[in-house]
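Got some structures for you, see below.
Shared chain: subunit A. Partners: subunit B in the first complex, subunit C in the second.
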Partner chain A sequence: MSAKPYGLIATFDTTPSVYHAAEQVRDAGYKNWDCITPFPVHGLDKAMGVKRSNVPKFSLVGGILGFTTGMSLIFYTSYISYPLVVGGKPYFSPLFAFPVAYELTILFTAFATIGGMLFLNGLPMHYHPVLKSSKILSGMDDKFHIVIESSDPKFNLAQTKALLEKVGGKEIQELEA
Partner chain B sequence: MAAHAHPSAAQPAILNEVNPTPFPRATLVENNRSFGWVTDKISGIIEGKTPTWWWVCFVLACCVASFTVAGITYLVSTGVGVWGHANPVDWAWDIVNFVFWIGIGHAGTLISAILCLLRQKWRTSINRAAEAMTIFAVVCAGIFPVFHVGRVWFAWYLFPIPNSNVIWQNYRSPLEWDVFAVSTYGTVSVLFWYVGLLPDLAVLRDRFFKAGNKVRSFCYGLFALGWRGSNRHWSNYEMAYLILAGISTPLVLSVHTIVSFDFAVSLLPGWHTTIFPPYFVAGAIFSGFGMVLTLMLPLRAIYGMQDLITQYHIDCMCKIVLATGTIVGYAYGMEFFIAWYGANPNEGFAFINRAFGHYAWAYWIMISCNVITPQFFWFKKVRQNTALVWILSIFVNVGMWFERFVIIVTSLARDFLPSSWGYYSPSIVEIFTFFGTFGVFSVLFLLFIRFLPVMPMAEIKSVMPQADAHGHDHH
Partner chain C sequence: MSTHAATAHAALSPESTTSSGATKALGIGAIGIGLTLIGLFVSGGKIVAFSWLVGLTFWTAIAIGMLMLVMIHHILDASWSVVLRRQFEHGLAAFPWLALLFAPLVIVSWTGSHDLIWKWMNPDYVLASGHTVGHDPLYVKKSAFLNLPMFTVMTALCFIVWIWLSARLRKASFTQDADGDLKWTFMNRKTAAFGLALGAITLTLASIYWVKSLDYHWFSTMFGVWFFANCVRGALSIGVLLLLWLYARGDLKGVLNTNHLHSVGMLVFAFTVFWAYITFSQYFLIWNANIPEETFWYNLREITKAGEPSQWKYVGMLLLFGHFLLPFLYLLSYKNKIVHSRIKPIVIWILLIILVDMIYNIAPAVKDYSTGEPKPFLSISLLWTVTSVIGVGGVFFWAYFKSFAMTKLIPIRDPRIKECLTHHE
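Up next, the complex of A and B:
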C-alpha cells in the first residue's frame, strides 16, 4: 500500500492546452481528477464536467436566517421584552425594522457564502499531496497541471500515464500520498 | 465583418444578421507581459528589502497618528466638552469626519462589487488596494461615532446585548440603523477582501517556502487555508465571489442611504429632504474615487506599475469622478430648486444662508472643489497628466469634506429659534483628532503595501489575453 502513489501529475504550458486536455480526460471517463490553475480559467468547468456550484444554496439559507433574525430581534426587544412608547409610534412595525433586518440579511449571507465555499472545498486543509509536490510553485504562478488520482476506478499507472502523454502533458510525475 | 453577405447581392432591406462594429479592446496589461512577470512583479514588492522611503513614511504616519491617540485620550479623560460643540451645533466635526471617511470607503466596494457585476475588467488592477482603503477608512470613520458618545465605556449600549437595566435599543431611530449598517459594512468588506486574498496568500506561501523563509511561509500559509488552485475549488470560489459582489452592491448603496437617513429623517431645514440617499451615495463614490486616485498614482510611480495601472485605468477612474461629480453638482442645484419650489420659508432660508450666510466660505470651497474640479476631466490632456490628476483628486477630497461640513453645521447653526443661533468653530482637540486619522489610515495602508499583495495576481492573470482557453488573437 505504501508504494501506491496518490496520483499522476502532468504539466501544461498554456491555457488552451490544459483546456483541451481536460476535455479528453473527461471523455476518457475519469472521475477523481482535477486541474491545478493559477487563476480561474473561463470554461474549464465545462471542459472538466464540473457541475454548477452549490454555494448559492448556503447563501439563500444564510439570507433567510439573517432576515428572520433581524425581524424577530426587533419584535422581541420592542414588543415583548420591554415595550416602550417612543414618539407615539407602534411597538413594532416591519417598516422601521426593515433596515436592520436588511443589513443582517447581507451579513448572514456573506458568512454563509464564505462558510459554504470553504465547506464545499474542504478548506482549511492542513495537508494535500499536491501541496507537497514541487509542482505547486509553478502551479500557483504560470503553469497548468492535471492531476489524476489513483483512487479513480479507471486509474492504471501505465494507461493513465499514456493518456496524459497523449493529451499533451509534460513532465509527468507520480505524486507521493 | 461582412463575411456572411453575398458579395454580388445588393444590401437587403432586413439584414439576416447584425454584427456590431468590432471595437478595439483596451489592453489591461501592457507590453505583452507573461503570467510569471505578474507574479514576480507583485510578490517582489513583499519579498524585497523594506525601502527607505517606506520607513520614512511609516515613522511620519505614526507621528501623525499619535495626534488621534492624544486627542482621544484627552477627550476620554476629560469629557466631550473639550470639543467645540455647543448649542445649537451639537453635531459637528465628529459626524462630518465620520461621513467623510465612510464615504471614502465606498469607492472600494464600488470597484470590487459593482464593477465586478458589470464585468468591468479594468477593476482587477486596482480592486485590492481600493478594498484595503475601504477597510481602513471604515476604521477611521468608526473612531468618531464611538467616541462622540462621551462615555465611551458605554459604547456597547449601541448593540443589543442583554444588560442589567433590561432596556433595549430604539430601533425606530436611524442612528441605530446606522450601527447595523456600518458594522455590517465593515465586516463584509473584510470578508470580501480576505476571500480575494486567499489565492494570492497561497502564492506567497509557496514562494517563501521555496526561498527557505519558513516563518513567513507559515504565516501566509496559515491564512491561505491550504489553497492549491484546484479547478473544483475555483468553481465554488468564483460562485462565492460573485454572490459576495451581488450582496455588497445593495450593501454599499444601503450604507450611505442609511447614513443620509441620520439627517433626512430629522425635521431640520436643509436635512429633511428626499434627495439625500442618492445624493449621498453619488458623493461617496465621488470622494472614494478621488481617494483611490490619490493613493494609486503615487503607488504606481514608486513601484513602476505603469504596465498594470495603465493610462486606460486612469481614464476610467477620471471619468467616474467626472460622472459622479456632475451628479453631485446636479444635486446641489436640485436642492436649491426644491427649497424654492417647496415654498417653505425655513427651507428657503436654510439654503440662502448656506450660500450667503456666515458659512458662505465653506459653501463656495465645496462648490469649487466638487462641481468645478471634476469638469477638467472632460479633457484628455488633463487625464493624461498624472501630476495634475493627482492634484485634482486632492481637491475632490477637500471638497467632499466641506460638503459634509456645510450640510451638518450650517443647518444646525441657524435652527428654528433665532435667539439660539450660534457659530461653531472646532477646538484644537477636534482638529488634532481629525488630523491624526490621516496618520492612522496611512499606517494601516503602509503596512498593507508592505505585507500583502497590492494587486490581485490571480484576477489580473485571468483578464490577460493568454488566459483565454480558446487561444487569442492580437488586436
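Up next, the complex of A and C:
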C-alpha cells in the first residue's frame, strides 16, 4: 500500500443519515470531499455547503457571443459582402437579423452551458480512485457514501476516521491512490 | 422537514382581518368607479368607455391567466404550485363580477348609433375613405363574425365558460379541504383537460372581439397568443405579490420557501421571453410583408399623418425595453428571483407595463374628430384609465378577499401538499 491513501470512504444506509452526516462534515470545515448517492437527494448540496454553480456565467457569455455573432453575420453578409435590396428593405436592419441572432443566442447558450458544466465537473473523467473500491457498486444501487479526500488541508487519517465514525459512517475504508 | 408541515397547520385558518380587507377593497373599487363616472361628464362617453375597456381587459386578463395556470398545474400534476394555486382559485371568484362590469359596454353598444366603442357595429358609420362600414368589402367579408348579436353572444359565452370552469375548479378544491377525497383531484384533472381547450378558444375570441376588432381592417394571427402571454404574466405577477403579502403577514411562514419563489420567478421570466417572442413575431411579419392592411395598425402607433413621430412611438419603445429587455436582464439573476425585496419591484413593474401594453393596443383606436389622428397617450383618457383600473381592481380584490375568508389558507388535503411544502428541500 502506498504511503498516502486517496482518502476515506464511509457507508451510510439511509438518505437522512447521509444528509445529516454531510452537514457535520461540512461544519467540521472539510473542502475536498463528496457524497455518492444512487439518486439525486434534494437539499444535499445545501447540506454539503456547496455554493450555487458557476455554469450560468458560462451561459451568459455564450448567449452574448451568440447574439453578437448572429447580428454580425447578417450585417457582414447583407451590408458589406453582398449588399442587395430585397423587398424594399434597407441593407441592414436589426429586425431581420433578429431571428438569426435569437437562434444563435440559444444555440451558443446551450453549447456554453453544456461545455461549462463539463469543464467545471472535470468531465469527461476516465478514471477516479473511487472506482477501484468495490463500494462504488453499492453506491450506485442502495447505499450512500461519503468520501473525504486526503488532499483536503484538514485531512488527518486518524481524526478524519474518528469524524466519519462519529457522524454514523460504517465500514470506513481507505481508498488507494 | 416535518417541521414545515407542523408550522403550516398552525397557520391554516385565515384571520378575520381579511373581511376588513374585502370592505376596504370594495371601498377603493367604489371610489375608482365613482371617479370614472365623473369622467363621463368631463370627457364624454367615448373616452371613458375606452378607458373602462382597458381597465376591464386588464383585470379580466389576469383572471384568465389565473384560470389557465390553475388548469395547467392540474393537468401536469404539478406539486410545487399547490400553495400558489389556492391564491389563484380565490382570484377566480372575480369572474361573475367582471362580467357584470362588462355589461355596460354591451348595453351602450345596443343603444344609440351602436358605434360608441366598436365602430363596425354601425353599418352606417362613415369611414375616412368616405364609404360606410356596410359598404366596406373588408367588413362585408367579416360581417358573419363581426356583428352585434354575435358579439353579445360570444362575450356572454366567454364569461359563462370562465365562470363555469372556475366554479368547478373551486368547488372541487375547496371540498377536498373538508373531506380529503382523491376524486376531487381527478375531477380537477378532467376539468383541466377540456377546460384548457375551452380557455384557449374563449380567450382568443375575447381578445379578438374586445381589442383587435377595434381596428377591424387589421389582420394578425398572433393576437390571441399575445393576449395569453399577458394574461399569464399578469396572473403570475399578482400571484407573487399575494405570496409575498401573505408571507409578510405571517400566514405563509414555514410554508413559502425560496424554491417556490425561484420556480414562480422562472415562470415570470419564461413568459417575459414568450411575450417578446410573440410581440416581435407579430411586428416582424407585418414589417416584412409590408401590406397596407396590416402596416396601418403600426403606423397609427408611430407617426402622425404628416410623418412626424407621435407619442405612441415612444410608448412602443417603452414596451420593447420595459416589457421585455429590463425584466429579461433583471430576472436572469437567481438572487433577484428569490429575495423578497428584489422580486417585488419587478413584478409590480411588469403589472404596470402590461397595463401600458393594453393601453397601447386599445387606446389609439380613439381618433380625434378634427384631425383623424389617434388621441395621444398622455391625455385625460389616461386619468380615466387609471380610475377604471382602480375601480375594477377594487372589485376584483373584494371578490378575492371574500373567497379568501371562506376556506383554508392552503389546500391542506391535496395529495401533493406535502411535496409542495418541502419543494426541493
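Assume the second predicted complex is superposed on the first by the 176 of 177 C-alpha atoms of A that agree within 3 Å, B and C clash if a C-alpha of one lies under 4 Å from a C-alpha of the other, contacts with A are read in each partner's own complex, and residues count from 1 in each chain.
Simple rule for what comes next: contacts are C-beta pairs under 8 Å (C-beta built on N, C-alpha and C of every residue); 3 or more make two chains touch, one makes a residue touch a chain.
Given the structure is predicted, the values throughout are model-derived calculations rather than measurements.
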{"item": "Subunit C versus subunit B on the shared subunit A, clash or fit after superposition", "value": "clash"}
{"item": "Subunit B versus subunit C, judged by how many residues of subunit A each one touches", "value": "B"}
{"item": "First, second, both or neither for A:Leu157, with subunit B first and subunit C second", "value": "neither"}
{"item": "Which superposed partner A:Gly87 touches (first subunit B, second subunit C, both, neither)", "value": "both"}
{"item": "Subunit B versus subunit C as contact partner of A:Gly43, first or second or both or neither", "value": "both"}
{"item": "Touched partner set for A:Pro99, first subunit B, second subunit C, both or neither", "value": "both"}
{"item": "Intersection of the subunit A residues that touch subunit B with those that touch subunit C", "value": "42-43, 52, 56, 87, 89, 96, 99"}
{"item": "Subunit B-touching residues of subunit A, taken from the complex the two chains share", "value": "14-16, 18-19, 34-45, 47-48, 50, 52-56, 59, 73-74, 77-78, 81-82, 84, 86-87, 89, 96-97, 99-100, 102-104, 106-107, 109-111, 113-114, 116-118, 120-121, 123-128, 130-131, 136-137, 139-142"}
{"item": "Residues of subunit B defined as touching subunit A within the complex", "value": "34-36, 39, 160, 166-172, 174, 176-177, 180-181, 184, 187-188, 191-192, 195, 199, 202-203, 206-207, 209-210, 225-240, 243-244, 247-248, 250-251, 254, 258, 261, 457-459, 461-462, 466-471"}
{"item": "Touch list for subunit A against partner subunit C, complex", "value": "42-43, 52, 56, 60, 87-89, 95-96, 98-99"}
{"item": "Touch list for subunit C against partner subunit A, complex", "value": "280, 283-284, 287-288, 290, 332, 334, 422, 424-425"}
